[in-house]
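Dropping the structure in here first, questions after.
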Amino acid sequence: MDSLKPIIESLLFASDTPLTVDNIRAVLETGDRRSIRAALESLARDYDTQKRGFFLSEVAGGYQLRTRPEYRQWARRLKKTKPARLSRAAMETLAIVAYKQPVLRSDIEHLRGVDCGGTLRTLLERGVVRVLGRKDLPGRPLVYGTSKRFLEMFDLKDLNNLPTLKDLQEIGEAWPNDST
Amino acid sequence: MDSLKPIIESLLFASDTPLTVDNIRAVLETGDRRSIRAALESLARDYDTQKRGFFLSEVAGGYQLRTRPEYRQWARRLKKTKPARLSRAAMETLAIVAYKQPVLRSDIEHLRGVDCGGTLRTLLERGVVRVLGRKDLPGRPLVYGTSKRFLEMFDLKDLNNLPTLKDLQEIGEAWPNDST
Amino acid sequence: MEQEAQGHAGYRVHVEEVFEGPMDLLVHLVKKNEVDLYDIPIAVIASQYMDYLKMMKGLNIDVAGDFLVLAATLAHIKSRMLLPCCEEDQDEEDPRMEIVRPLEEYLRLKYAAEDLSLRNQLDWDVFARGAPEIAELSEEPSEDLVQVSLFELIDAFKRIVRRVSAEEFFHITVDTISVKSRIGEIVDFLEGRDSVTFEALFEGQVTKGQIIVTFLAILEMAKSQVIRIMQHRASGVIRVFYG
């Protein structure tokens, strides 16, 4: 296990996508799931207690090293990231796709009360939404769902990890921000 | 300096290229050269004494995190087990086969305007394209189509689920010289 | 925004910048009036909604048809509320439910969208490693796995369409793709057999559409000489030969 840790760390470090326990097992050939998991947990603890610049994120069914959110301003400056965040309209459309998938464009538009062609296209281009197939209805409309990229982008372990939709009575007075 | 270390580590982690002390200074805006250098030295020591999977390498006048040479073999194997990506040329050829099948190599080359022998061979080897038969033309040219593997790759139930130009138009894609 | 619009004659604002849509405006009104979502004073809200529409028109904001549809719905609910028909022991539900239910659903998803945007977003709040030392590490990529998204495929296709005239593509419709799909299935069926009877290709094809598609697929395959169709002189059996 002592030798496993740096090896697994080097794999996480070298990978540009999240690694599953099975990915790691395939590379190591030996190594049971349990000790891989233990090594991962131990690494995650190290990063936290030693206050490293990155942490181990459990995302999209796997594990990935990511810079700590508290250093976002520095990392952003380094990467010269433009605020390519999704617009509020795109976020709403994405939330509907995430929670209601498999979903038709017409369902989304019915819910939002506005045309969603533009925002859907943006989401498809960004790779967070994908075409799942077609529905057996007149016109054979496309059915949409979220992609793995969606999980990666929003730091979600899997779709079950989406917070449950809130009960409005519980929220009471707290209104979501509107555009005014 | 204590807070400088993780910040600099996060920058080194997020950067694709070696960072010079001046690069780091530019991002941090404050921070004198000496304390940046001290933090870098301290990080380098940490990686060595804690036997991390990576180390701080001084390259091309800058600093870069790299996989430790003794673990490179694992990282290399990881790359091998990872799915390869299709080149742009291969994607275009595949798109033509998908949408125009059954199709001849000469048709594909007519559309792409370049020789497609190489990309077609790659696609055949990867099993996403297959030979459907031969056409009774001089030279009995091969007729190509997509395979089951193609459907699996794109998570499609069947070819009917492949989005058409019309679908894309509906979500607001601007098509040049549209006639569909 | 009001002063701005008045300051510039002919200044046009898209309504999206003000309210994303009619539901957004409705949420804003319910919130502004601090009323209970389940007991909306429909007359007040409807009249304020109309005031907003008027104001937006006055400011030269393009008011989309969606806004007018909701205005009509509100007016309709208002009129139904005025009818004295449904007093006590009503079997009929509160007419306001027509608007409350979608509003509720919309709000729940709005909250969800907010929650999502508060998460640590990749390439904004957190950053992963790119493909480090790639030249050094990638010797030969794995042969059997390929990872691409459907959208990348479509993008590739789009690039070609941009270069080539559209006439080349006009026949790509759902129908022809069904035929293509069926061709693939027929090839699957024919693989490993020299020939099958014509009828065998229609087995399991029950609907009229399926039969037509199968027939078109056979014609297309014969045309491109993937198959040959022969009839036995004596028995009259039609056989399809592969390759």
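Letters are used for the chains, namely A, B and C, taken in the order the chains are written, and counting of residues starts over at 1 for each.
Here, a residue touches a chain if its C-beta (ideal position, glycine included) is under 8 Å from a C-beta of that chain, and two chains touch if they have at least 3 such contacts.
Treat the numbers as computed from the prediction; the structure is a model and nothing was measured.
Taken as a contact graph, the chains are fully connected, with every chain touching every other chain. Closest to the protein's overall CA centre, chain by chain, comes A.
Taking the mean of the C-alpha atoms as each chain's centre, chain A and chain B sit 19 Å apart. Our note on geometry: chain B versus chain C, Cα centroid distance of 28 Å, whole angstroms. The set of chain B residues touching two or more other chains comprises 10, 13-14, 65, 67, 72, 75, 79, 81-82, 155-156, 160, 163, 173.
The set of chain C residues touching two or more other chains comprises 127, 129-130, 132-133, 137, 149-150, 174.
In the complex of the two chains, the chain A residues touching chain B come out as 5-15, 17, 19, 23, 26-28, 50-54, 65, 67-68, 71, 74-75, 77-79, 105, 117-118, 120-121, 124, 130-134, 140, 142.
By the touch criterion stated above, chain B contacts chain C in their complex at residues 10, 13-14, 16, 65-67, 72, 75-76, 79-86, 88, 91-92, 94-96, 98-102, 111-113, 125-128, 130, 132-137, 143, 145-148, 153-156, 158-160, 162-166, 168, 173, 175-180.
Residues of chain C that touch chain A in their complex: 16-24, 27-28, 31, 37, 64, 66, 70, 102, 104-117, 119-133, 137, 149-151, 174. For chain C in complex with chain B, the touching residues are 127, 129-130, 132-133, 136-150, 152-170, 172-174, 177-178, 180-181, 183-184, 187-188, 220-221, 224-227, 242-243.
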